[in-house]
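Labels for the chains are A, B, C, D and E, by order of writing; each one numbers its residues from 1.
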Amino acid sequence: MDFLNAIVALSNFVLIPAIAYGSQLALGALGVTLIYGILRFSNFAHGDTMAFGTMATILVTWLFQSMGISFGPLPTALLALPFGILGCMALVLITDRAVYRFYRQQKAKPVILVIVSMGVMFILNGIVRFIIGPDEQRFADGERFIISARTFKEMTGLREGLAIKASQGLTVIVAVIAVVLLFWFLNRTRTGKSMRAYSDNEDLALLSGINPERVVIYTWLIVAALATIAGTLYGLDKSFKPFVYFQLLLPIFAAAIVGGLGSPVGAIAGGFVIAFSEVTITYAWKKVLGYLMPESLEPSGLVQLLSTDYKFAVSFVILLIVLLFRPTGLFRGKSV
Amino acid sequence: ASHGKEVKIGIILGFTGPLESITPDMAAGAELAMTEVNDAGTLLDGMMVTPVRADSTCIDAAAASAAAERLVTSDGVKGIMGADCSGVTGAILSNVAVPNGVVMISPSATSPALSHQNNEDNGLFFRTAPSDARQGVVMTEILMEEGVKDVAVSYVNNDYGKGLADSFQAAFEAAGGTVTISAAHEDQKADYSAEVGALASAGGERLVVAGYVDGGGSGIVRAALDTGAFDTFHFVDGMVSDTLTAKFKGEIDGSMGQVPGTDSPGASNFEKMAGDAFNPTGPFAKESYDAAALIMLAMQAAGSTDPQVYKDKVMDVANAPGERIFPGELAKAIEILAGGGDIDYVGATAVELIGPGESAGNYRQITYKDGEEVTVKYR
Amino acid sequence: MSGGQYDDRGNKDATITNPTGRGELGAHPGTGHAMDTASAFLIGDSMTGGYGKGPDILHDCTIAVNPGEIAVIVGPNGAGKSTAMKAVFGMLDLRQGSVRLDGEDITDLSPQDRVVKGMGFVPQTSNIFTSMTVEENLEMGAFIRHDDFRDTMAQVYDLFPILKEKRRQPAGELSGGQRQQVAVGRALMTQPKVLMLDEPTAGVSPIVMDELFDRIIEVSRTGIPILMVEQNARQALAIADRGYVLVQGANAYTGTGKQLLADPEVRKSFLGG
Amino acid sequence: MSVMVKNSVLFGLVGGLIVITGFMQSWNTALLILNMGLISAIMAIGVNLQWGFAGLFNVGVMGFVALGGLAVVLISVDPVGEAWAAGGTRVLLGLLLGAATVVAAALVNTRMPAGRARTLALLVILVGGFFFYRAVFDPGVDAVESVNPAGTGFLGGLGLPVLLAWPAGGLLAAGAAWLIGKTALGLRSDYLAIATLGIAEIIIAVMKNEDWLARGVKNVVGLPRPVPYEIDLQNDPGFVETAAGLGIDPVTASTLYVKLGYSVLFLLVLLVILWMAQMALKSPWGRMMRAIRDNEVAAEAMGKDVTRRHLQVFVLGSAVCGIAGAMMTTLDGQLTPGTYQPLRFTFLIWVMVIVGGSGNNLGAVLGGFLIWLLWVQVEPIGLFLMQVITSGLAEDSALRAHLIESAAHMRLFTMGIVLLLVLRFSPKGLIPER
Amino acid sequence: MIVVEDVHKHFGGFHAVDGASLEITEGSITGLIGPNGAGKTTLFNVIAGVLPPTSGRVTMAGEDITGLPPHELFHKGLLRTFQIAHEFSSMSCRENLMMVPGAQSGEALWNTWFGRKRIADEERALRAKADEVLEFLTIEHLADHKAGQVSGGQKKLLELGRTMMVDARIVFLDEVGAGVNRTLLNTIGDAIIRLNKERGYTFVVIEHDMDFIDRLCDPVICMAEGKVLAEGTLAEIKANEHVIEAYLGTGLKNKDKIDA
């Protein structure tokens, strides 16, 4: 019984939140990694792209809600998601046209593109706040829990509860579908392969008859879709607030790099490594150990490796360790 | 008594940054006071007050100082309503207000470090919010009365959160309570699973949340509720607001909290005056109204817009003796002062300035029932 | 976020992305060279041009290849041989002159469009996709084809058996000579109507060089004209139907391969005696 | 020659903008911008040393700037005797123990042959050391932090003149950079970037959470100054008289005087650093660095010790950032770890370097001034723009209210536009490398 | 002078160098030939310290130099060129050469501030020397061109030029000839011989051009599949069946094309 309690407590506070958070990071990191691999720069505007896509989804969700359209127990936002993705696609294509294309043609150094993306980040920042405001927005509806802590306790009679939110289940399912589709696309389709070729050697891709602008457009489209999905899932699970999306940028980058920039598999692995390391290293094991240990040995302190103050630092220390012992990231970052 | 005279008052708040969602209401509160005075048109025989807004960013001391410097030296403001966050408030005070001799009244900076016992501020700094040292004591009283002896604390990792958590822990432990864990959370972060995991593991009858409702504070509450880690909370002033009830509805029933506030009729007056123009119950909107009102009334009392002159009058108009003044009665107050009378500004938050010029600290104790915020009593 | 050596994917010369390949002059003044270019399949006619805003590298230079023939360009280092190839392929602004393929003026076409028109090109450097497997490199060569290209791939593997062995290996891990084979194979995958090679045998062992020349001859026998730059000039000229010696961006000597090989002046100055 | 003319025009332009600020807004604002501009220029030189000279992508600028700030507290604040008595020695001992553990582990790692014995020894040292360190350190920290937490609660500094803190800030940053460089410089550029970004965050995390060091998020305010206080000047009859003689009122005169004092100090530092950087760049050393930047493999084969040179320039650049950080904290008069944000202290500096022209010291200086000027002035510009845009709308229209309300967000927006415009029309920066 | 003892270099499961042992005698010009992918460049990289060997030992004049970093080897007099040119692309050709010599006093930061006179003198000498080398390589007109913008062959010349800026003891040349005009290659060959005779440089030359090998090299080592296949004078090598099969081949099959 105590053993079960320990397992449940661990799942409830460590495993489930980390898996959901990891999936969200992974989707975000995939976008960053694709841009890096194919367009060769670290896109600092990615967090704000996510915010924009989510905002578009939210606006459509509100429209649906006001029209009385709903999706049964699932959040209406899922219905609105395709529209949000379209909106985000339009945005990234416009920015590419207006901004990035010029630098591509100039063969500007990647760092210039990084700085340019910071400019775009500033601008998107302004636009999003301008349209939807800086405040937190709620748009989740439908069932909130697959199973709530209280129900679980009543069902099992255990002392510990286990909560699985609908948004968490949804996050994992949608993430898996998105990732499978992406991999199929990149490795099996002609367009996918041409994207990888372009990422490898632009000039030669040109000589092979690949239209570089098309590759770029496809990349942006995919990235817009990923960003919107990641942002919407995150918003459903937590809440939507522009500034938080900007803050997401750092863990997303950490995830992409731990995995190996440019490697999609790596991005996913990186997302989970970051999520799990943040949660486990600062977790206070007192409760779990309390169940497992005999009464006399029960820990008096919190049994916490590091205080949560250093949570953020932990993910970066993990990052550093990975980089020092496997300098190209877990999955040697090659271009897509 | 010529018309067309103008005095500018600066409103410096974090219009961008982690408090960007509450600052518009605060600014609106301050501007409401100025409009009221302008409508009367009697301040210093027809002086018109113009508000000038500037962005404190809440976090970037250098940018805030630059903005304040511009307010003072280029716009020529004669008083500053602000800043909001304790950090930038300290920076503006020592870099701009004191060197230029400008009065500054903050509606919301609550850090104990801003109590200038030794006149480091040249008597230029006041605040209509109480120091957090006082809030820690009030919180302890409430919890003890409830019979709560074990709590976990989660505070926002800045001078406000940390200072409040420190003063609370000291007071609570002195009263015989136990703080199982006092852990920081970074504001505006993506995910709080780790923090809640640690808090849950440490346990406690209640979770004390000392953070911002627009930031990490709500994130912590959300995660704690969802995982079933805690179901009752104790909220500090940064948390109590309509946003909180809108967000959590019945989920936080049974939780408690306190905010600066009084049962004086001022608050409801203020809310009526505001109408639909902005949210008058927003955090520190009332304090902002009061801060702006105090600046203007002190000017009237001194008969001068020169900060070096009117700074000495701020305490006089704020405290007894004199006629009690509520929101909507600024015209009356000006009249009394012009006639050489004395006033006791009560305002929207029952202003009572003590010690080095900060609010004495009246608190409204609240609890949550059926998804509504219910006032229990005032202390 | 990358710098220095890590952002090298292809040469970084901006003109290569010239989206339209448009020359500055609309008219194409002939120069009246006494050259038999009338029947040429591919001709870069009186080309003048250079990189970006820089000075002219090519000076009124003409290069042509007839159907079914092999044309070889030789010349000292820096003569502009690679530049001439790039110009013919549309990767460089022509300030004067024109490029014609099978009688059609293609001066204004972009490189991709030229690929579609049936031109294949193997550049001198960075001519493979290093992160992709050998097989994927070949597939990319066939990118513009929508038919079944497995036969062509089998042919390429027949020609370069080592590639079949390494087909699952990233091309970047191959040795210098092996890469060269991938590059030529990739170009052949398009089933081009005309093939342009910039020093295909640089750094290739004698046995592979012979094989490459053999294959080039075979390709040309199938009716595909070949235009190539070579430093192994004696061998190249030996199989060439037409040879060009470029010096400082201008035609210095032109003739059949044999004529040039026999010319003592050419031998001494350009073929190493 | 024409380059000279162009550069002079550019610098003249920035100078002009500052002067215009002086006339249009106030001389105080102008001087404030000038002072932060000088500091920004120094930071930009530091980043330019690393990126422009050596191709090191350091995105941890914020960390070094913050360390410089920390140095100001450690050098200039008076020691807190009570805290030292309560647990000062214990804290120091704990730190020494921690360092000893790491050193011992490193020694074992290099001296012992690889194998199970070494792994075991390492584990014992690290785990044992960690607990021993915590056992000594934690009580000391608790003791120090409980000494008047609202007012002090930290050990304080050495109580030395604040000017000493500037070189000390450089040294502190250099020391940290050396440690970081030893471990992280082998990484390829993108990874180095994120590693430094992470380390900077760790530095800030430590400064925020180790209250015994510099009060953490509770901030240290009222730091000593190298220039007189305005109030003292205003109370000094001699000064008031001189001011009156110049026809300026004493308050304004005193604020200007103080700011000018800072300007002179900062300018001196900038000139010295700029001269040193220029000389280095134009010498065989600079040539070697450029070679390394162009092609590390070849430079290594040509006998240049790339790792050592990278470390050297990384340490130097970081030290320059540390000096600038110390200067900035001195100017602010307070250390507020919570305000260190990558957006402001890392990315903005990068924008300065890139817009100014990387690889060119003058470019970095120009970028420092220009971008800082914009960063400050964009806020009123944004408001102004909004007012112009909405001037056609009815006074009470909702759209107008919304637009004016959004004006504050236009700061980032306008900044983005400005940045993109500069990059668009001069992608190599305003003063490109040669 | 250099002794390579049973060196292995594995990439994952692939054995690029698989137990190579050879000796290079002082003062010789040794040719290293072998089919593409034989592991020649990889072996160079191991000797020159770019890649750590999986196992095996390299000694130079009796001293163990296995795994020493390239910059230390440079100062011991071991220089190399790259098969794919590694120029310093944003620097002028002259600077590409001037940066080479070690122990320039201007490379110490201190001197850039306080030893400016000395630096100026040194620079003058260096510049003269660089110009001399450029002239020798027939690219003096490119002295002020950015090295990234010269032709493929010119970059290779620059590579060679760098080894001429210092007094080397042993120089490894990885396919200097590939992409270099034959007439110029002859000149380079002459230079190599002169450096060998006059300055006592030892050379190891990877080359696929048999004429070039013929002119310069004695002895010749042929590698295949990561091992040494044959060693000896060129005549011996040329007659070796294995070498013919693996490397030299028997000439064009399509001879008819030439004869026609």
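Following the convention adopted for this analysis, a residue touches a chain if its C-beta (ideal position, glycine included) is under 8 Å from a C-beta of that chain, and two chains touch if they have at least 3 such contacts.
A quick map from chain label to UniProt name: A, D = Branched-chain amino acid ABC transporter permease; C, E = ABC transporter ATP-binding protein.
Everything numeric here is computed off the predicted structure, so don't read it as measured data.
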When each step joins two chains that touch, the fewest steps from chain D to chain E total 1
Would you kindly say which chain has the C-alpha centre located farthest from the C-alpha centre of chain A?
E
Which chain's centre, taken as the mean of its Cα atoms, is farthest from the centre of chain C?
B
Can you compute the centre-to-centre distance for chain C and chain D, using the mean CA position of each chain? Integer Å is fine.
53
Distance in whole angstrom between the CA centres of chain A and chain E is 49
Cα centroid separation between chain A and chain D, in whole Å?
31
Please tell me the distance, in whole Å, between the geometric centres of chain A and chain B computed from their C-alpha atoms.
36
By the touch definition above, chain A meets two or more other chains at residues 36, 42, 106, 111, 134, 307, 309, 312
Where chain B touches two or more other chains at once, the residues are 16, 20, 157, 184
If you look only at chain B, which of its residues touch chain A in the complex?
16-18, 20-21, 157, 181, 183-186, 188-191, 193-198, 200-203, 214, 218-219, 222-223, 226-229, 243, 247
Quick check: in the complex, which residue numbers of chain A touch chain B?
9, 12-14, 17-18, 21, 133-136, 138, 148-150, 153, 161, 163, 165, 234, 238-239, 241, 243-244, 247-248, 251, 275, 278-279, 282-288, 302, 304, 307-309, 311-312
Per the touch rule above, chain D residues touching chain A in the complex are 51, 57, 183-184, 186-188, 190-191, 193-195, 197-199, 201-202, 205-206, 208-209, 342, 347, 350-351, 354, 358, 406, 409-410, 412-417, 419-420, 423-424, 427
In the complex of these two chains, what residues of chain D are touching chain E?
276, 279-280, 282-288, 290-291, 293-295, 297-306, 312, 316
Give every residue of chain A touching chain C within the complex, in rising order.
36, 40-42, 104-107, 109-111, 114, 190, 193-194, 196-197, 199-212, 334-335
